[in-house]
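Per-chain residue numbering starts at 1, and chain names A, B, C and D are given in the order in which the chains are listed.
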Amino acid sequence: MKKRVEMTVEAVQEVALDTIEMILSHSYIAETAKPGQFLHLLAEGHTLRRPISIASINKEQGTVTILFKIIGSGTRRLAIARPGMSFDVVGPTGNGFTFDETSLHTALLIGGGIGVPPLYGLAEELHHKGIEVKTILGFQTKDYVFYKEKFEQFGKTYVVTDDGSTGNHGLVTDILDEVGQFDVYYSCGPVPMLKALTHQLNAYPGFISLEERMGCGTGACLACVIPSTSEAGYKKICTDGPVFAANEVIL
Amino acid sequence: MTNLAVKLPGLKLQNPVMPASGCFGFGREYSEFYDLRKLGAIIMKAATGNARLGNATPRVAETASGMLNAIGLQNPGVRQIIASEVPFLAAYDIPIIANVAGSTIDEYVQVAETFNQTEAVNALELNISCPNVKEGGIQFGAEPDMAANVTEKVKAVSDLPVYVKLSPNTNDITAMATAVEQAGADGLSMINTLTGMQIHLSSRRPLLANETGGLSGPAIKPVAIRMIHEVKKYVSIPIIGMGGITTAEDVLEFLLAGASAVAVGTANFKNPFACPEIIDSLPNVLQNYGFASVDEAIGRGHAL
Amino acid sequence: MTNLAVKLPGLKLQNPVMPASGCFGFGREYSEFYDLRKLGAIIMKAATGNARLGNATPRVAETASGMLNAIGLQNPGVRQIIASEVPFLAAYDIPIIANVAGSTIDEYVQVAETFNQTEAVNALELNISCPNVKEGGIQFGAEPDMAANVTEKVKAVSDLPVYVKLSPNTNDITAMATAVEQAGADGLSMINTLTGMQIHLSSRRPLLANETGGLSGPAIKPVAIRMIHEVKKYVSIPIIGMGGITTAEDVLEFLLAGASAVAVGTANFKNPFACPEIIDSLPNVLQNYGFASVDEAIGRGHAL
Amino acid sequence: MKKRVEMTVEAVQEVALDTIEMILSHSYIAETAKPGQFLHLLAEGHTLRRPISIASINKEQGTVTILFKIIGSGTRRLAIARPGMSFDVVGPTGNGFTFDETSLHTALLIGGGIGVPPLYGLAEELHHKGIEVKTILGFQTKDYVFYKEKFEQFGKTYVVTDDGSTGNHGLVTDILDEVGQFDVYYSCGPVPMLKALTHQLNAYPGFISLEERMGCGTGACLACVIPSTSEAGYKKICTDGPVFAANEVIL
């Protein structure tokens, strides 16, 4: 169950251009969080909280790691935090990634840009459960690449850049044919990427993590809806998601 | 002991603080954070005759000390609300105010009639000011005659007290307020959102899919205070005040301006505990400024 | 090189940024901080027929991301302004816009006529929207017919182009805009302040001596953008946009909405270098969003 | 001439209840400031700057001292600054206290509450020039008393409190008869005090420092006017003041 807590900044690091990795501590959050859930962080001077995915969880240390790109004034404000400072956070929010460890053999993870972080915690957990992990990471240019080596710990990792400055030149969808066999895919990234991907991979079961501008982050305001094949006709990304079965939402 | 209780038509409030319509859903989500019994009352999300899907996304944008929203009255329809949402809220034993919306006078009347048949709802808030419905809602809120007309028609079918929610997008809020008072309104809700827009620089288009949205939050508080202070001089029905409230000091400012109770909207998003925290601070704040009760403070910002 | 120049009726602007009326006096004070030649133009503090002393103090209050002011048109009168202030400004060789105010149509006409006799003034800004004058100013700004009437009368005596400054305190900004366009306005200035109030908790009275004041600053930017975006669809005369501008990004947002130039008001108070800093950043901001000139960006926030 | 500068916080101390003493460094400000002038400080997250008087100046160290009471959100924000942080400041603003060192023998200084600070720098300077200084300081209660000993360095100092919890019981005007002879008075404090004072001392030349809510702080917006006996009919506190001859303004 999500709570409102103060999380202490333990470490801050720029891991790629405008891309900040931050370790935050709070025992309840670390204890209960699951990969794919997000934190709703308050940046001083802002009306609305900022949703940022949990990239990985360290239950022993009581910490979680987040990674975020500096986009506007909110993330700029978050980025200037230094160890010892704290944030007002509501979390862990939303549902996380799920998998059936008894039947799953190989999972394909496809991350685009700042959609990569939530997949990291998933990769870690899948690997831990003995499931084979293959990963495709797409970035704009080589300056934005992060966590390549970290994903390589868990399995074969392909890097793709829009301009070819590192890894393969092109889009993540361009190398789907190369990755070989897998049972299920998990993806997070920009909507055009997810659209192309779910279309191309529609023969496979898949899960995608979605983003939308949020008001409340608790399911009350209906800001973050996505059309859905469900009876109600829509789902709320903040509480029904952010992870959805690919065939449950209409992109 | 500071007395927080307020009595309004149809509503016995243990304290004057309630969540604003559309900012609290039907209470379920915030009931995970705290016990809703704490609240003075609850105003539900707008209800229309049939279910609505609302606008395309993005539906919200952040602005300086405020936000824009264009949800577009998404709701499961009045019957579904009565069947699935009202019973949940009724268990908390606090007054329930139903926010009534529609595109036509008939729809308003139909929604009001339907709520009238349930025991659990204590009052109606007539949302004639939602800026996000294209078909008609906006006109009701901009023309005193239209507003009076829909108020009268709804009053005719409703045994419940009717609070009419006014739009700030007008050059004469007093004309609106006096028109609906004369039409039989039992109270006023002030203010709904100011119509605004944000343009997204990269896409060169309005950020909200609906283009315009309603501006809420601390940015609009001075407009709300001014309108309530002005209207209070001309009407004798009570006012539920809202617009940018985030602290108990803000509540006192609204009481002084002439509100008898208040609603908290946008602040819930920043702080899910906004309402209970404000309620907990209110006795001290009233005391610090020399008031022994909420009643004493109402309208005291006016020359005697 | 990004081209910042804009040509408007009567005004050849080297860049689209000018200080807003009432927020820059007659330039003397800010000339101590930087060279006024840097500015696109300057809009002077409101002029009335005779000297006015304005309202009692307090005249300003701070609000969330904004402020309230009720200066009350304090000024030394149009003749004194022409004698003592205009020559000082004329030395800077940037276009001068005179802000014309009054309590009666005759006063507006008299002020306009007097400015018409001086060479140094390049355009008039007709302030029909000042919320702080009780006698009449406010009505001109709230009624399309009144606004059209005063515009026509002023145009009749003035060889200078007339920009009519609109009030946001209306439910139909387009009606106002089209009415003054038809009456002969050469351009629009949008927006003036929203009427607001702050109540001082200790004294239990409105903080401003005038009780109400005009809300300005970033808080009102979404309202300004919305109104300009709306009006731009219906008028063909250029718009000088204002309301909460503090950065070059804000300027671009106003250009996209449909403004051809912008004025910066409240931001000068926080940062005396607001105008020159915005002007210095503008080329880069335009470039980052794919524009080679200011002209290219004007109105580009509209569907083609 | 006033400039916009970044001033660094050198020290912060609570010298009485809710009363903060802060030392700020900037060579230009310290070089040019005069007692009675003020700084216009930007508190983060606020639209308008806060005017705070310069209490004393240390040209050698390149610092000025300010004292302020925590009133609302702006001063609360200023008060949490710590050494090493900096403020955006416009200053030195306004005119300062003036005196004719050749003819002046004894000056009476009367400060009320947070009107005390600007008089301190004046006392220092008068004393330095060999002019006798007598001071009356009025505070609400003993918890708010500050700088008593500091003023005693320069001459006879009377403390008055509203509730008699320390010093004399009553108002500063109650003990004007006790202070003996003086040539000119200087005062800063709440308007009712200044009104009573200028009335009672209207036989003496006097200078008073005024406060008013400000917009620009530069003389452009006309927010801070005070009716005056001058031709224009008003004076601007931010640039014509904050120090005025007592007979020049109409309280």
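Here, contacts are C-beta pairs under 8 Å (C-beta built on N, C-alpha and C of every residue); 3 or more make two chains touch, one makes a residue touch a chain.
All of these numbers come straight from a predicted model, not from anything done at the bench.
Chemist: Trace the shortest chain of touching neighbours from subunit B to subunit D and give its length in steps.
Modeler: When the steps are counted carefully, the minimum from subunit B to subunit D is 2.
Chemist: If we define chain centres by averaging CA atoms, which chain lands farthest from subunit C? Would you check?
Modeler: A
Chemist: Please tell me the distance, in whole Å, between the geometric centres of subunit B and subunit C computed from their C-alpha atoms.
Modeler: The answer is 34 Å.
Chemist: In whole angstrom, what separates the CA-based centres of subunit A and subunit D?
Modeler: 56
Chemist: State, to the nearest whole Å, the distance from the C-alpha centre of subunit A to the C-alpha centre of subunit C.
Modeler: 46
Chemist: So what's the Cα centroid distance for subunit C and subunit D, whole Å?
Modeler: Roughly 36 Å separates the two chain centres.
Chemist: Which positions in subunit B are in touch with at least two other chains?
Modeler: Touching at least two other chains: 63, 65-66, 217-218.
Chemist: Using the touch definition from the top, list the residues of subunit B that touch subunit C in their complex.
Modeler: Residue positions touching the partner: 63-66, 68, 142, 167, 169-172, 194-199, 201-202, 204-206, 211-213, 215, 217-223, 225-226, 229-230, 244, 249, 252-253, 256-257, 289, 300-301, 303.
Chemist: For the complex, which residues does subunit A have touching subunit B?
Modeler: 1-2, 4, 42, 46-49, 74, 88, 90, 212-226, 232-234, 239
Chemist: Inside the complex, what are the residues of subunit C that reach subunit D?
Modeler: Subunit C residues touching subunit D: 22-25, 28-30, 32-33, 45, 53-54, 57-63, 65-67, 69, 71, 74, 76, 217-218, 266, 268-273.
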